[in-house]
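Look at the two complexes coming up: chain A is in both, with chain B in one and chain C in the other.
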Partner chain A sequence: MSSQLANLRDEQRDVLQELMNVAMGQGADRLARLTETFVTLSVPRIHPLDVTDASLLEQLAIASQPAIITRQSFLGRLRGEVMVCFGENGADQLAGLMGYEGEEQDSIQDELMLDVTNILTGACINGLAQQVELKVSYGPPALLSRGRQLQDVLGSQEFRGHQALVLEIHFEVATHSFYCDLLVCITEDAVATVVEVIDQLLSDI
Partner chain B sequence: MTFALGEVLPAELGAVLQNINLGVLLLDRDGRVVFWNDFMAIHSGRDSAAVRGRLLFEIFPELPQRWIQKKIDGVFALQNLAFTSWQQRPHLFSFSGSRPVTGQTERMYQNCTFSPVLDAAGGVKYVCLTVADTSEVAVQQLEMERLNRLLLAEKSEQARLIRKLEDAQAQLLQSEKMAAIGQLAAGVAHEINNPVGYVYSNFSSLEGYVGDLFKLIETYRTVAAEHRDAALRAQLEQASQALDYDFLREDMAALVRESRQGLERVKQIVQDLRDFSHIDSGDWQLVDLHKGLDSTLNVIWNEIKFKAEVVKDYGELQLVQCLGSQLNQVFMNLIINAAHAIDKQGTIWLETGMQDDWVFVRVRDSGAGIAPEHLTRLFEPFFTTKPVGQGTGLGLSVSYSIVAKHHGRLEVESEPGKGAAFTVWLPPRQPSQGDAEAG
Partner chain C sequence: MKILIVDDSAMSRKLVMKALPEDLEAVVTQAANGEEALAAYHAGHAEVIFLDLTMPVMDGFRTLELLKGEDANAVVIVISADIQPQAQQRVRDLGAAAFVKKPITPEAMQAALHEIGLI
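Then we have the complex of A and B:
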């Protein structure tokens, strides 16, 4: 099955890239309206590969820096998890934007990161789900690890099923000098769904 | 806009919504309560009719208004869920605990979810807020975290004790080694003592006999000088010149005298070795510390005589109840350390006296002094600044524990470059057995 995604034809890959670009564009637009600031979401880099493949992790720019990493599940026919890598200050710079005020910086750091994780996951996955006309639901966000490299964290996890699609997205709120990186992993069985939709779109053209 | 449940839902679905074991709230864009199920009514004590149409922040003034408004805005803007977890925000709503009798928790732990409720056109109409009671899980997890912390604390305490045990064992080894050396020294001293004893007493006799012999020769010479036979006189004169009799007589006396002095020194060293190791006094005795200092100094004299001039400044001391051989070990460590601290040539002061009913013995040197960062670690076992193989790092820690055993204290003062002073403070009498531990 994983070969199905790894062996995407060029035009399939282009469609997938386009789907993600649109999803990110919508996500950025909504985030900007919510926070009333200028938000940049990078064009996602798509790695249709196996996450357990160490060579992939080495390619990822974000994999080798120690970070605070959160995760959140999205469920339904489109199934997987999003991992968000924060710098050592988490999302502290966004406290004001997210409605946290007059609270101890320490006590809110975790919740603030979870909030940001939830918003980014929603923006990103909702955009994709709407285009492929699938319903998704979400699990609550949670802390995955603190102070370790993504490479180590993923390396030490026992993955259930093969992960297939890895999207690397850089999220930046320039006015608050904040950025973080997202890794979207889709499970094996959901890949078939996505490829099906891609082929459908291609045949419509 | 508000509505009654019966108008929009079949009765069965309405019952489900009311009876479900979750708090369910519908909020509009401003945070006004549109719907409020029985769970909320029961736990807040406010009936559905009383809250409908009112702002959530009015009903619960303790809620973080701006934060909740942001959550609602987020749901409207992103058409997305939002979550709160009991771990980060344990009690969003201040409801009383869900285990009123057996529980230890005063307030209910909650997980909350904000979700969009869409209208027919696909726009967000309301925010649905569900409140789940997670007290059971939270209480168990908190208890486990507490136990985990306890275990970790216990583990580190055990590690500390193991380290302490290792230190104690090392000190024990060192003091056993010193005791063995002391015993050996005492044995050797004893063995030497006997032959030296009779050589010394024989020598005294020998000195007498030699004196007598010379007297006899003198008599012969006097008698010969008055003899008429010139040939005999010349023969005697020639013999005494050939043997250099005058020199022989003088040198013989000097030799005997010096040998006797040498023997006396051997006797003194043997005595000092015996005093130092106190093999004959394993228990607490009243001891003259000056004697102990002097015999220790003699034993290690060879190590210090080329490096330091020793200046003694002894005060009036009463006898001290102590384990003499162990205290001598302390003095030896301190004096040898002082000598090692001196690079080329310096002075070691030995000062004693009484102050406030305490006896003190101070070993001061004009050496290199001790770096401030080392001062706190001096008495740690294995701490040494000497090159590998030259110091075990145990001398001062053993000294420290010996002094502690005497209910005394070992103090150090030092200024780098200006030398160091170690002071042993001892009580003249040990506390009686009963309160010995307290000292």
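Then we have the complex of A and C:
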């Protein structure tokens, strides 16, 4: 694979990882305020991948597990899709976390997952965009898939032409067994912008 | 002043160094996780510790707990992207002298050092 993301030097990757770390800290804060809990944030790890390369996707723990996957697009010089992968029982866990029970819990699940997608996407991409001084706008969040594996979803035609910053970031509310993982896909032509910004930051410090 | 900067990101460690006041006479040691930080502390390389929270091997919460358990007077300033109020309260409860959110700026560094009476 010859993508720019795959060929990042260690110091470029470190900068990108730290930019995402700051952005995801904001995401955890917003999720914590929504759920009135303390959210444990994992160390973010970034793997630049071609999302249509199945052998590379196999490196991801989340790729082969059935999941509920939501998506939200972002537009501007930084352009692409964020996908949030909830565990198979993620919808139940999230509704329980928010205090819903019984029939009410079933009817509210999709709405809650889309709310969380919107919160995490906004925090993640805004956090990144602010640090690199780019403006982005957003499409509405939507349910992408239920019960399919991530690698099957990403292998579909509509994601060809995207590269991925796979954020192996784990938001966890241990007391409620809730977790989700984030996947950020950016378009091929936005990659050059990201690399340019990273190099600028490196020269500034 | 012996300063220990603990962060798994090399860029973050550079930003902390860059944010230190220019007129501060400091000898800086760096560590990439809590275990390295404790080793550097035991080796006498730290009078003031700048500590990240989200790190591999040993996170900042555990590192802070161990440091303060060994030396209640250890001066630790937490610098983190984890800005949840509960995280900030937890590090205060564990004995951190100050909390600064990432990315650190010279102004925030100045305020933190002033808050704990180091400048």
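Keep in mind that, in the parts below, the second predicted complex is superposed on the first by the 179 of 205 C-alpha atoms of A that agree within 3 Å, B and C clash if a C-alpha of one lies under 4 Å from a C-alpha of the other, contacts with A are read in each partner's own complex, and residues count from 1 in each chain.
By our rule, a residue touches a chain if its C-beta (ideal position, glycine included) is under 8 Å from a C-beta of that chain, and two chains touch if they have at least 3 such contacts.
Remember, predicted model here, so these are calculated numbers, not experimental data.
Trainee: With both complexes overlaid on chain A, does A:86 touch chain B (first), chain C (second), both or neither?
Mentor: neither
Trainee: Quick one: classify A:114 as touching chain B (first), chain C (second), both or neither.
Mentor: The answer is first: A:114 touches chain B but not chain C.
Trainee: I'd like to know which partner A:101 touches here: chain B for first, chain C for second, both or neither.
Mentor: Only chain B; A:101 stays clear of chain C.
Trainee: Figure out whether A:38 sits in contact with chain B (first) or chain C (second), or with both, or with neither.
Mentor: Only chain C; A:38 stays clear of chain B.
Trainee: Look at A:74 in the shared chain and tell me whether it touches chain B only, chain C only, both, or neither; answer first, second, both or neither.
Mentor: After superposition on chain A, A:74 lies in contact with neither partner.
Trainee: Check the residue A:178 against both partner chains and state whether it touches chain B (first), chain C (second), both, or neither.
Mentor: Neither partner.
Trainee: Any idea which chain A residues touch chain B in the complex?
Mentor: 30-31, 33-34, 98-101, 108, 110-111, 114-115, 118-119, 122-123, 126, 137-138, 140-142
Trainee: Using the touch definition from the top, list the residues of chain B that touch chain A in their complex.
Mentor: Where chain B meets chain A, its residues are 64, 66-71, 73-74, 77-85, 87-89, 111, 113.
Trainee: Per the contact definition, I'd like the list of chain C residues that touch chain A in the complex.
Mentor: On the chain C side, the touching residues are 8-12, 14-15, 18, 54-56, 80-87, 101-103.
Trainee: Tell me, which parts of chain A touch chain C in their complex?
Mentor: Counting only chain A, the residues touching chain C are 11, 14-15, 17-18, 21-26, 28-29, 32, 38-39, 41-44, 131, 201-202, 205.
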